[in-house]
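In what follows, chain A forms one complex with chain B and a second complex with chain C.
Let's look at the complex of A and B:
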């Protein structure tokens, strides 16, 4: 409990520091200019004299010093108002929710496929360390993890969408939700990520298999299947649990390039577009979500680890 | 026992690797001219090309030395071969008989096409630039910016890690908190915000990679420093009255290098991924100079036909092979260091 409290306080501190830094960054003149250019066009900006520009800043509420805007923003966020998007000219809240929902769907399928796949492969590899099966699984997982997402996305697109024409190339989902369009992004993310989790599972499993109590169980004459399922797995799956929860944090980064490549309207694409535009309130809201997800997943993995591992709980 | 008297016990492979001054010299001989060549942005074909001549034998020598030391692990050797192949390409590309990578010749030539006197082994892109030439030139940029960024991140991370680990107290609290702030940003978010603020360029990639990687390096070094701090030779140095800076850099630093080399190989891979991805997103290196991420970005719209997909496949496979090389090297090294 004390640990959770400490982590929560740390999270709030981190959020405050992060959003102040973001406000300072986006307060720079280049960003204000970029918003002006995007809204009024090149010609519109060059036609303005300094007074007009100032008037425009006042109209947009950008003339107020950043610390005042920051205080205002904090007050609004606490009331549930995330601000206004300059680029899309709507409230940030619904925009963010729609994007998060899409990314949530993506993340759900990634985890639904990745977790069983990597656990099974990891356990199979770790069961007999050094066997041919172990070596091939280890090599495959290094191989797939080494191919960056952008390359995986390209290779999968060329094979399944351009070559075999089984799947659509883009996942913009213009005419409503389409499961077929979700396949390539999900496959890309799973292929990139499963190797890492499988290797962690393998390491954990291999360590458990060398421990005394497994040897006792084997020497006692228990069937091998029973030793693995009842004795080894319980301890071997503690460490992968932490890794899997932390993958949530990784997914928020990994999703950017995949969403941009497949034109999937999710969190990553929203963040990148907003950042390129200088759309401060959208970036702030996205960062807020990202940091909350990151710190929450850390807290969950810490708590889960303590809960699952009695040696730590009672220490 | 008899073996030991005939042949002195071999020091650990990592130690062997780091102890050799020659290797450091050779690495400098490759890295300095190459980075000077890329960062100064000289036009190829001039006298500056000869700057890279001494690097070619240096790469080959490095390969042979590392090959001898690591030959027991085929994983490490495979990784080493991949990395050294691209390194060799990077230093020798000005001397290869290639088309100008930025010159439009004939657009949409598919691989193995012959047009007039020109033969395009890997085809040309939508602007008519030779893809083979762009791919080989592109590896220079990825390697130089990737290695330099990782190097800077390491220097910053190790400095703060040593400060936090050795001095403890307030130093540790403040550095660790700042590290935690940076670590709780998802990496891509951090990259996007920083590069967007500073503007896309190679130097700013170094800054962004430093911000993203240094906290993790700091944690590793801090942990190692906390462990080593209690060793007798540190106490001996303290009793001799050495200054904290001396102890940190002369007593602690050389003794944390073992685990760091494996981590550095992995991190080189991450940085390469980051640079390619950022360039693809439009936040990294800028056109027209060839770069793998840029090649993907520029062709992503036009190459959406199976016939033209080679424009995307070639840079994608190139970057994957380089990263695979770094990762296999890290894997093999870890395996070997565990065996000792």
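Let's look at the complex of A and C:
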């Protein structure tokens, strides 16, 4: 409980600092001008005299000093109002939840495929370090992880969508939800990420396999299968567990490239568009969510770690 | 005068284009067969009604059509709001909400006869009073409409002392509509009394922010989308989709009758796809048509089943120098830069398929009044000599590039960099995000700015090169040029005007304010089941006669 409390305080502090920094950045004349240009066009802005521009700032509520806007924003957020999107002309709340839902669906399928795949391959590779199977799995893992997501996305699109025509090219879901359109983004993310988790699992498994108690179990004549399943796995999975939980973070904000490439309307795409437009309240809301997910995944990781490894206790 | 020009002039003076085509003996074409003087293409004999056309395009806000700054916004609106005139894919302007128009001999008085029986979506009938309300609104400084920069509208306003002083104590001037600039002749006739001759009044009336709004309008348009078009706004989600559906009932439940003849599509769906993703979305079958694909994607387009449509345009890139900023305030420096560049070579490198070579005076071969000056010749030695004379040997300059129209801007700048090296000029290419470029486009000393197509060459020159106009990004100021342009704009006859354009083009070319290597074509693609899709040089979507086969 102490740990959770500490983490929550940490989360609130991060939230406050991050949002203040963002308010300061977006309070700059450059960002305000960017919003004006995006909204009024080049001519509209160039035709305005300073008084017109001031009137526009007042209309948008951007004339208020940032600390007052920040206080106002905090008050509104506490009441569940995340603000208004300058770019999309709509309330931020529904926009954010729709994007989060989409990214949640994507993350679910990535996890559902990536976790078993990487654990199985990692364990198989780590069981017999240096074997042909180990070398093959390690090569594939390093190979897929070292290719940037954008390159994987292009390669998969060319092969499966444009070439074989088995899958849709984009994931915009313009006619409603379509599982087929999820395939390429999921494949891209799984290919990119499974290698990393598999390598971590392999390293952990290989280390466990060299420990004294495993050697003892083998020498005692226990069946190899039982040694692996009953004795090695639990300890070997401690390190990968932490890594897997922390992938939640990556799936939330690290998938911008994949979401933008496939036109998938998720959290990453929303964040990128908002940042480019200078849509401060959307960026703030996304930051809130990103920090909450980051700290929550850290808490889950810590608790899980403690649970899996009773030797670990946090002061 | 060739026959096409005759048709244009006839249309300009209010003669139905169908009649004009017949008088010119042209067998046309696509746009000529008009029923009841409509501006749209003729109905195809086998055209089928029904269907949903899905188009990939960026989906933007629909706030105030008079201040629109993107063509995409206007395309979303174009099926709801209409214009006094319509410039077709053949670059000929015809009456739209106006039934006809006439100009006085001195081109200072334009009279528009407004079409009768045009119904707004709320059941009101369109009148000349509504047009007056719109034009007055465009001239209101508080609205900030770019329409005031059009030759026609700028000739309706005057600068007056606002009674206020600026920070330096100088009188603050504001532009306001001149007394008597607009006269309502009757309920369907409106007269514009201009302070100077203007040739392009009808063409100006299809400039994308000149859509005619109902006087009940308050922004955002998407909240109360009342227009005269065949479609209504069913749904708008910025960055996602814009759904348009045929209007059958007015807002108060009466039957809605569209004035513009038969329209085929039941619905038009725009879906948000970033420009780079549109062609792949099309290849995957998500959409039936796209807004545009770039030259870099041509090979992919050829590999996909569909109809590639290319439009010859006056869209261009002006690598312009600001004549008030050092070192470009020295004409010898500007001339050296222009002389060291080979426009033809740059065009061949960047746009090998289609397009025209630019001649540094911003009048394109597709413009009716284009005068062909002697071809520009690259002169590296001449450039070196000029730099020596100016004491600017080993000149180093930086060009800002925003790639606002695609990465080909950067390719142009890089080709220039390599060519300028031969004259001892170092050109640094400063690539920046497009949004950042639009913040500095009118201020930077040396910048690569994309200019869209306009039907007449005089229109773009008026917007971009007249002394002191807001979009004069090069700060070029020449009384001689302004006078020559005035004279050209006062001439209706194309042959006579072309002769006058020689001087205009020559003054601008000799002033060496820009390296303008090319005019690019624009490409789009549609599926085989889409028919009658217009290849408009400004990518304006007017889908009245587009239909889908089963």
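Simple rule for what comes next: the second predicted complex is superposed on the first by the 311 of 315 C-alpha atoms of A that agree within 3 Å, B and C clash if a C-alpha of one lies under 4 Å from a C-alpha of the other, contacts with A are read in each partner's own complex, and residues count from 1 in each chain.
In the analysis below, a contact is a pair of C-beta atoms (placed from the backbone, for glycine too) under 8 Å apart; a residue touches a chain by one contact, two chains touch by 3 or more.
These numbers were taken from a predicted model, which means no experiment stands behind them.
By the touch criterion stated above, A:257 is placed in contact with chain B alone, chain C being left untouched.
Of the two partner chains, chain B is the only one touched by A:151; chain C is not. In the superposition on chain A, A:10 contacts chain B only, with no contact to chain C.
In the superposed model, more residues of chain A are touched by B than by the other of chain B and chain C.
In the superposition on chain A, A:272 makes contact with chain B only, while chain C stays out of contact range. Contact with both chain B and chain C is seen for A:162 once the two complexes are overlaid on the shared chain.
After overlaying the two complexes on the shared chain, residue contacts for A:216 are found with neither chain B nor chain C. Look at A:18: by the touch rule set out above, it reaches chain B but stays clear of chain C.
In the superposition on chain A, A:143 makes contact with chain B only, not with chain C. Looking at the shared chain after the overlay, A:287 reaches chain B, while chain C stays out of its contact range. Annotation: chain A residues 157, 162, 169, 260-261, 276 touch chain B in one complex and chain C in the other.
Interface residues of chain A, counted against chain C in their complex, comprise 30, 33-34, 37-49, 52, 87-90, 157, 161-162, 168-170, 172, 174, 260-261, 263, 265, 273, 276.
Of all residues in chain C, only 54, 61, 63, 67-70, 141-142, 144-146, 148-149, 172, 220, 222, 237-241, 269, 271-274, 277, 280-281, 283-287, 303, 433, 435, 438-439, 441-442, 470-471 touch chain A in the complex they form. Across the complex, chain A is touched by residues 75, 177, 180-181, 184-189, 192-193, 196-197, 269, 272-273, 276-277, 280-282, 293, 296, 300, 304-306, 309, 312-313, 316-317, 319-320, 323-324, 326-328, 331 of chain B.
Within the complex formed with chain B, the residues of chain A that make contact are 10-11, 13-14, 17-18, 22, 25, 28, 139, 142-143, 145-151, 154-155, 157-158, 162-163, 169, 249-250, 252-254, 256-257, 260-261, 268, 271-272, 275-276, 278, 283, 286-287, 290-291, 293-295, 298.
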